[in-house]
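Just below sit the structures, each encoded as C-alpha cells.
One chain, chain A, appears in both complexes that follow, with chain B as partner in the first and chain C in the second.
Now for the complex of A and B:
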C-alpha cells in the first residue's frame, strides 16, 4: 500500500505547522493591517506617492543599500581571491578571522567605530595632535558613517558565497588561459570573473537583502540624520503608533525582497546561486 | 598550414621540492617538428618537466632554450607554447568557437582573421558542426579535439600535451591517436607528449624519452628502445622481457624472439630446456611460461596460427634464440 503523500513529509509536518503558525501568521497579519488600519483601503500605499518624507526615506534606503552592496562585494571579492590563493595554513587562519567577525555583536562593532572615527575618536584626536587637521573630520553621524559601519558588517557575508564559487574553479582553466597568451587582466576579466559570476550574484543578493532591514547601524552611526526604512518602521510602531504605515512599509520590504529573488531566478537557477557553484 | 616548429634544448634541468628531486639534471635536445614522448611510471617527473617547459613550474637549476635563446625567465603567457591539459581545461562558459578563438582574441587580432582561422581549426579537428555548443555538451573525444584546436590556433612553435587521452576509453583512444598523429604531420609543430601508456608512446612518437625517478633512463626511436634497451627498467617498461644472467652480465630477451620446440627438436648455440608451466591463448599469440632449472620462468610468445595445437602443461620443451636476440644490459644485477 502506498501513502497518498510521501512519508518523509510526515517527519517535517510538525515544523511545517510551527513555521506556518509562527511565521506566516504574523506576516499575513501585517499584510492585513496594511490595508485595514486606520481605515480599510489602499490609503497607506497612497502615501508612497503623496508623502515627501516617505519618498526621501525610500530613496535614502535604496541609495545606501546599493552603495554598501557594491563596496561589500568588491572588498569581499578581493578577500576571497586572496584566500583561495593563500597557502593552506594562512588560508585557514584567514577563514577563522572571518568567522570571528560573525560572532562579534553588531552593537560592539558599531560603537567601536564611534570610538575610532567619532569627533573625539582615536583617529581625529590623533590627527589633531599631529597638527594635520584643525577641525575633526566628520566621519560619523552622517551617511558616510552609516556606510562605513554597514560595509564593515557585510563584507564577511559577501566573502563566503564568492569564496565557494572560487574554490570550485579548476586551477588548470586559469593556467590554460595563461598558456594561450592572456595577460593577468584578461584572464581575470574573461575567465575568472565569468566563472565566479554565480558567487557574485549570490553575494550581492544576500548583502542587499540584509541591508534593506538594517536598523542598529543607521540609528547609531547616522546620528538621526540618515533615516532608513527599518528605523522609520520602528518609530511608527513605538512612537507615533501609526501601525498601518508601518505595516505598509514592512509589506513593501517583503515584496521588494521577493521581487529581487524572482528577477534573479529568471537569470539563473536559484539553487546554483545559493549553492555558490557553477553546474 | 602553421609556421615551422621550434627546437628545444634542456640543459641539466633540475626541480627540487625541498630536498626531493622531482626532475634530476635532465639534458635533452628536442628537434624542430619532432613528436617526442615522455614516458615513465607515475611519479617519475613527467608532468613536472612539462610544466617547467610551459613556464608554470619554476626551475631550481639548469636552462631551457628555444631555438637557441634562453626562455627560463620568460613567463608562461609570453612563451607562446600551446598546451593541452589533462582533463582539457576548456572554458566552460564559452562555446567551442569562442574557446578556439580565445588565444587570437586576447592577442587582439582582427575579427575577420579570427573567424577565418577558427573555421580552419574547426575543419582540422573535424568539429565544424559543433561550433556553437558548450564544452559540457560534447563527448570526451570531442572535448579533447577542442582543446587541441585551441592550443594550435595561434600557431605555436611547440605544443605540450599532458596525458591528453587519459580520460578516453581504449577504442576511442586508438582512434584519437591516429588523428593526433595526422594533425602533427600536417601542422609541423614540435609536439612534446606525456603519457604512461607504452603502446601510445610506441605508435605515435618519433622519439621516446623513458623517465624514472626524475632522470632520463634512455632516449631513442621506438624501435631503438624496443630492440636495444640499455637497462632492465627500459626493457621491462617498454614491452615485456625475460632477463638472463650469463658470464656476470644481464641480458634482456623479448618473449617473441624465442623459438619453442618439443624437447630434442631445438637447434642452436643458445638453447635451454624446460617444462611448460602454463599456456594462455590470446588470439594472435600463445603465451607460454616455461620453467627452466636454475632460472626464473621464461615467457615465450608463439604465433598461434603457426604452432598448431598448444603443448600441454608439463610438456618438455627446448627454447632457442639467435645470437642477436639477447641484448646485453648495463645493469650488473637485477
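Now for the complex of A and C:
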C-alpha cells in the first residue's frame, strides 16, 4: 500500500542537504578547530584548568542558568495549571498572551528592560515615589538584571511542555483522588505532580539548554559585568580573533546541549515540546 | 473548598504573570513618543518626531527593506523545503525517518552563537559574508525546522487513505501532492511560514557575525542603538519591529481560528 520509499526520502533531501552542508558540516569544522588552532593538541582544553577567567565564566553561566530554570519552571507550572483548568475561551485568551510574549523580539524586550530597570528607570522611580526605597536598586550591570530579563524570556518556553503534559492527564484521575479522601494539596503533590513529571523535566531541560547559550540579554543587561559563555565566545571571535579558545568553548557548550537534549528525548519528543505552541 | 481557593489564587497569579510577560515589551511605545532629546518617558506632551526621523533616515529605511527582503526570501525557501521534508518524513514514517527528523530540528536548539561561528567560518571562503545570499541561507537553515514542526502537526491529522485513494484513482504523484495533500495541510504551512518570517525578522546573533557594512538588518541597527543607548529613534524602530511581528502573528491567529471549524 505504501508508496515506494524513495519518493519520501527524495522530498527530505533538500532540507537534509542544507542542514548537513551549511550547519552540521561547519559545526564539525568548529570542533576540529578546537583541537588544531592555534597549534594541534589539547592546548585549548587545558585552559579550562589553568585559566581563572574561564572557570569564573563557566561558573557564572551555570549559576545563572540554574536560578533562571528554577524560577521559569515554577512560574510556568503555575501558568500551565491555571490554563488547563480554565474554560475554553479564557484558556485561548491566556494562550494568546503567552504566544505574543513568546514571539516578541528579544531585542525589543531587552531594550524595554533597559528603560525599566535603569538607575532612573520606571521601577526605581516608582519604588522611590512610593517611599519603599530611598536609594535606587542597582538592577543593571549585575546578575539581578540578567536574571529578570532571562526569566521573563524563558517562562513561555517552560509553559509549553508542561501544558502538553497536563493536557494529556485524564481529569477523572484527579476526581478519583479527591473522592477517595485526598486533600487538594495531597492530590497535587501525590497525583498531579508525578503525572506531569515528564513535562516538568522536559521544560527544565529545554529552559536550561536555551539559557546555556543565551547571548543578547546577558550581553546587554549584564553590561560586561556578567560574562557568560556565549558573550565570551563572541568576544574571542569578533574582537581578539582567538578562534581556538572560542571553538573549545563552543565544543563544550555543544557537548552540554546535546547531552541534555538526549536526556530530554527520554521524557518528551522535541516536536511535542514545541508543538504545544499550536492550538 | 481550600483547594478551590488555592486554585483561584493560582489563576489570579497566572493572569498577573501573563500580563507581566507582555507588558514590559510595550514600554518601547511611550519611550518612542517622547519629545525630549534623549531616551526617556514623555511627561507633559507626546511627539511623533522620532517616527519622522526614523522614516526620513536612509540608514533605518535601508535596514527596514533589507530585513524585509531577507525575511521574505528565507520564508519562501524555508517553507518550501520544510513542507516537502515534512511530507517526505510522513510518507516514510520509519525509525530512520524519526532519527532524521531529530537531526533536522537541531538548528532550533543548538545555541545561535555556535551557528553564528559555523556560518561565518563557512561563509568567509565562499565570499558570502556581508551578503544577502549568506543571510538568507543562514536564516533558512534556522527557520525551516519551525515549518517542519507545524506541517508535521497538520499531517498528523491528515488521513493517509486520502492520498492512497487519489493515487489509486490515477492521479500522479505531483497532482496528488498539489490537489490532495497541500489543501489538507494548509494551516500548518501558513503557521510555518509566519513563524519562519518572524524568526528571520527578529534574528540578531547570527546576523551580528555575518553582516558588516553592506547588509545591515533592522535588528542589527537596533543592536547598535541599544548599545549606544542615547537616541530615542531606536525606540521608534523597536515599535515598528514589534508591530510587524504582531501583524504576522495576527495573520496566523485569524487564519487558524477560521480554519478550526473545518478541521
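General observations
Keep this in mind: the second predicted complex is superposed on the first by the 250 of 279 C-alpha atoms of A that agree within 3 Å, B and C clash if a C-alpha of one lies under 4 Å from a C-alpha of the other, contacts with A are read in each partner's own complex, and residues count from 1 in each chain.
Operating definition for what follows: contacts are C-beta pairs under 8 Å (C-beta built on N, C-alpha and C of every residue); 3 or more make two chains touch, one makes a residue touch a chain.
Values in this document were obtained by computation on a predicted structure and should not be read as measured data.
Looking at the superposed arrangement, the partner reaching more residues of chain A, out of chain B and chain C, is C.
Contacts of A:183 after superposition on the shared chain: both chain B and chain C are touched. Contacts of A:175 after superposition: chain B is touched, whereas chain C is not reached.
Within the superposed three-chain model, A:87 lies out of touch with both chain B and chain C [touch as defined at top]. Of the two partner chains, chain B is the only one touched by A:191; chain C is not.
In the superposed pair of complexes, A:130 makes contact with neither chain B nor chain C.
Touching of chain A by both chain B and chain C, each in its own complex, is seen for residues 183, 278.
Put simply, chain A touches chain B in their complex at residues 170, 172-173, 175-183, 186, 190-191, 194-195, 278.
Touching chain A in their complex are the following residues of chain B: 54-56, 75-83, 85-87, 89-93, 102-103, 106-107, 150-151, 154.
Residues 1-3, 5, 7-16, 18-19, 22-27, 29-30, 33, 75, 78-79, 81-83, 85-86, 94, 96-101, 103-116, 122, 152, 155-156, 183-185, 187-188, 206, 209-210, 212-216, 220, 230, 233-234, 237-238, 243, 246-247, 250, 253-254, 257, 261, 265, 270-271, 274-275, 278-279 of chain A touch chain C in their complex. Note for the complex: chain C touches chain A at residues 2-4, 6-7, 10-11, 13-15, 17-22, 24-28, 31, 39, 41, 81-82, 84-85, 87-92, 94, 97, 100-122, 137-138, 140-141, 144, 146, 148-150, 152-153, 164, 167, 173, 191, 195, 198, 201-202, 204-205, 208-209, 219, 222-223, 226-227, 229, 234-235, 238, 241-242, 245-246, 249, 253, 256, 260.
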